[in-house]
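Common to both upcoming complexes is chain A, partnered first by chain B, then by chain C.
Now for the complex of A and B:
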């Protein structure tokens, strides 16, 4: 007898979860055997257990998409694995941020499902988000040329990572109600603040997501192309005005010209990727620490070095699967607002992945964005989990609506 | 563990990790494909998925037949172009004439766009009407341009407790015989003329009397 859909879904989830658990149990076990550290053996048990809890148990308690959970958990655990190999302290911090990220994801799922007064929420978010984004200019610290960090005691966070979520909610809300000025002024305000902070990578993401959401909501090719041209014009202007932009473009065009100074990071990244070959040099081997800031910007180079090109492509494919799931969820949404919000979250994840991996592979100039889920950083990890939470919230609403349609169909299509 | 042994072990495990990576990706895409097929199957069984009812055309132009039924989604745009959620190719209706959205327990809100107008149960609405505008509930009549439409909501939807009484009386419901085996599919419309091609399973309710609730 053919298995029911629910059985098939459960089997698919179990197979995927088993593969993920097996991967991490063997990977952490291998690392533990390197120096017989008890922490490695503990992680070889704890990480697969957490993945099992997250993927198998969580959907029973909360409305969550198992596939998205599996992929997001895999990528988060991959980041912890790579950090543990090079710097165990960073790995423990990352594991803690992952816990916070899980809670934030659940909060976002429930916010999407339960919040009805999005108009009020969007109106309140505008001044709050602009103020949050302005904080680094007033109290922030400059790191790697950008002043976009805030330190509260020993804890640092990046406001632009959280304002991403506000941007998606505000733009989606006002675009779905066809009110131009609120979202436009907010987006311009955010871009202005980000330019002042010299966080050009994040500004690029904000601009691209806003423009694509505008196209999704209006279908207006002309204005979208005008917006694209405007963005290109702003990029050229930025190149002419800012010396560090010129430097970044020069390094991108020929990093070998200054391989031991300005181009050192990208050259080391490219050499690491090349030395990995198809299957990598092996987990725990190689020298990822020679790449400057390997744990944030160049984590993809570390993946390719240790696990190889094939695995690197698999990681890329996982991001593609997340984006595919997000896009289909957005298109199935019943209201314009939810569709735009889901699409915005998906675009943000997809574009961010493209920008960072493109930079590492020298396809485009390098920017300061992180690789979602994998890169070290609490703000980045938590905001990526929140984006997944928004997508999952809309997916759970779609499922509820389908069930409601099935219930209405039981009335036989009669008019009440 | 000695470095050489670890090196050999790690080098050998590369293929295992690559295999698992490929397996995870393959299962993920297989899951995506299966979910897509399942969703298509479910939507095929639910042709009215996403809709809250229909607009039946009481009067329209030459391109809009009387009695034609236009599915009404939960929210969307009504206009004269095909890309609108409800397309009304009649004169005096602009390309994107008005926005509408349904709220459970309230009814269908309509918001004419700038420079457009419509009427709901005889009450004229413009872009400036705001939130005071009347809502469409079951039996309400919407006029946009030369088109006159009556809204029929699906049974089982949440409707407001105090539904407005309809100004035009709906026809009596067809008999059980007519419902079971309609001869030519024609059903009476409010003005007494037969509407060709009407669906046999529509049940015309008796309008509520006084404070009678649905």
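Now for the complex of A and C:
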């Protein structure tokens, strides 16, 4: 019975993959016909090819969750498509990082499958991650009120995106061994460094994921609630201490009060969503570029303007499906560590998506985190792919264990 | 392990519910606020579309062409100058000086944002320039002209600023809406822009005034529904003032007094002292409840109109402010549009209709996109209470402060008001009349506001005159305002 479920997901994944490839080749062709730029035609071939590589070839190497792969690849390609429409240069960049992301995902999958020395890995990751996270404070530059980027030559990256991964690995390792202090001290250290960088959106994600994983591993309601109230206290403190947090909350409460300056971005985002209506103005049309930072924070508004609110809901449903696959994989995991790691990656993706889309829709104050897979940004794209890699790694181990069980059962049946 | 799995399930459900929240909240926002965000003058998409699309026509309910686009692609207002000026706040102008007018709030239809893909394709094949949809409004242009001219007929309203709103109390159709001073949309000069009377401002929907004694309709409802023997209550109004201590005095207009009065006589003669007492006896909670039933403190999200919210204080600072709110002073405010809806609700047996402005929308190809639908905004009170208030309001016009609004062939009910406020540090008085014709075949309700009354005049001898003329016009020209 279990094998047939796997069969079903495989077939669904394959059908989905073909539809996705068709969608993107026609979409890029459509955009290419606007100005006959060769890059458009190239992307019309290259993006579907990469999706095919990712979704069809990888499962030959090890048992993989095709549905999860298709969804992640679709979202990545959607990001490239929207960027190509609004700013082609960013799209080339993003396409390159998509390739890098696929490789990084593969690396993560193999790490999960092959690595046996997690204790040592976790111990080594702690100082390394803290050092990495401290770098922007020493050499970084401030963007939009937060100091969380570092530049090496012409390449820039955001360490917090990668430390996310080690946070999940470290926390789940120590939690599964019931060792409180190592992960606690590491998490507090990370939060402190993020606070110093004023990167409160990422700090919120780190905090929430750690707390929820703690809840899952210990089942201790009391301490979880204590942690929750501590977080609320920190939020109030942050509101009191940081001027830019106060400003963001004020904008959230009423962006129209100062729509030409402070509220401009959110107001323009809402107008873009309203302009799209249910079915959108169409790919390549509309004026999404009037939203400041449309390519990272406000990419969801661009989606809604061009493809409409219904499509926006579908995108939300894709993230829900990713969370569903991730949680299912975590529940089927054979060890506590693998389960926690898988759930951690799932929570990170789900919460990050909620935080940014909630900000764009004015449900919660806007924090400058990216929309996983879709937003422009190499660090974000690669780290999101790595998170998928962690889930995939656990999924492939689960599948192998299942096959093992099936073989043993068959053997046992013969004996019986 | 097993417990951990259960927790994972819980966490996944948590994330799912967060996403559900996103979907619901986003959908709610797009449906309720979508058009308001979209038609904002800050939306650059509309500007871009104006280059490519010829805007549709705007017509009044009888087919009078109010706005169109000429051969050169300019937006013009082809009606005669008087009509043009009377309608300008409702229709808007090509420069977008009047905010939330039809020209700006209905951008989505006028500039073809609702045009479907096959229609766009057809226009492309024919090689036509794209055209937006034509709008037919519920308003009646000659009635707007009449309301505007009525202001100039009387010594104490001539040249005054003010507003008038007329609606069909059965259906909620807006029949007229004017704001003074007006301007000519075909000749917007620098002088108009600098006029301190702010001619671009639509007083009918955007100005919130203290409603004064017209608010006694609300107080009467609060009293009737919360005080058991409200109708038996009386005060001796021979005392000149009602003293709340500390110099907080309540007196009647012009220092007059009404002898021993019950609720009914107090309403007819607009006795402030009685209504101050009733507000205090009913209490803040009941006053707030009655005001909220009429739509005070609600966020108005009407489909066709943008109307500033009205407010009634959530908390009374003192007994004195509660007493003052009983006759529409203290910090009670409302727009002329909302006060007209209040009169209409009494006429319509306690049911308040949503004010509507769009009668139909037709695409250039002739397909109807929308036609008029009635919609109940809220049920304010029971039919019994409504008929009681109607009787009070009839007596106001038959023998009370609103006698000058009476039209002998009609059954006019109403309430006058004279409200004090300050504007730029100077005291200012507003004259009000709200009322309706109770006859089923001419179901009109109206509200008139006159700003900055002359010394010695009140709502009853300023706004009431204008109301009478408007009612009389409606009686004479029923075929123009009621569908046959």
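Here, the second predicted complex is superposed on the first by the 397 of 416 C-alpha atoms of A that agree within 3 Å, B and C clash if a C-alpha of one lies under 4 Å from a C-alpha of the other, contacts with A are read in each partner's own complex, and residues count from 1 in each chain.
Heads up, the rule we're going with is that a contact is a pair of C-beta atoms (placed from the backbone, for glycine too) under 8 Å apart; a residue touches a chain by one contact, two chains touch by 3 or more.
The structure displayed is predicted, hence computed values, not measured ones.
Taken together through their common chain A, the two structures put chain B and chain C side by side without a clash. Shared-chain residue A:15: touches chain B; no touch with chain C. Centres of mass aside, this uses C-alpha centres: at chain A, the angle toward chain B and chain C in the superposed model is 120 degrees, to the nearest 10. Of the two partner chains placed by the overlay, neither chain B nor chain C lies in contact with A:41. By the touch criterion stated above, A:270 is placed in contact with chain C alone, chain B being left untouched.
By the touch criterion defined above, A:27 reaches chain B but does not reach chain C.
In the superposed model, A:405 makes contact with chain B only, not with chain C. By the touch criterion defined above, A:92 lies against neither chain B nor chain C after alignment on the C-alpha atoms of chain A. Once the two complexes are overlaid on the shared chain, A:336 sits against chain B and chain C alike. Between chain B and chain C, more residues of chain A are touched by B. In the superposed pair of complexes, A:242 makes contact with neither chain B nor chain C.
Looking at the shared chain after the overlay, A:252 reaches neither chain B nor chain C.
This overlay, made by fitting chain A, leaves chain B and chain C with a least C-alpha separation of 5 Å. For the contact definition in use here, the residues of chain A common to its chain B contact set and its chain C contact set are 219, 281, 324, 336. Taken in their complex, chain C has these residues touching chain A: 1, 3-5, 7-12, 14-16, 18-19, 21-23, 25-27, 29-30, 33-38, 40, 42-45, 48, 113.
Of all the residues in chain A, the ones that touch chain B in their complex are 5, 8, 12-13, 15-16, 19-20, 22-23, 26-27, 30, 33-36, 67, 70-71, 74, 178, 219, 278-285, 307-308, 310-311, 314-315, 317-318, 321, 324-325, 328, 332, 334-336, 401-402, 405-416. Of all the residues in chain B, the ones that touch chain A in their complex are 1, 6-7, 9-11, 13-18, 20-25, 27-32, 34-36, 38-39, 42, 45-46, 48-50, 53-54, 73-75, 83, 99, 101, 138, 152-157, 159, 199, 201-205, 214. For chain A in complex with chain C, the residues that touch the partner chain are 212, 215-217, 219, 259-260, 267-268, 270-271, 273-275, 277, 281, 286-287, 290, 309, 312-313, 316, 319-320, 323-324, 326-327, 330-331, 336, 339-340, 343, 346-347, 350-351, 353-354, 357-358, 361-363.
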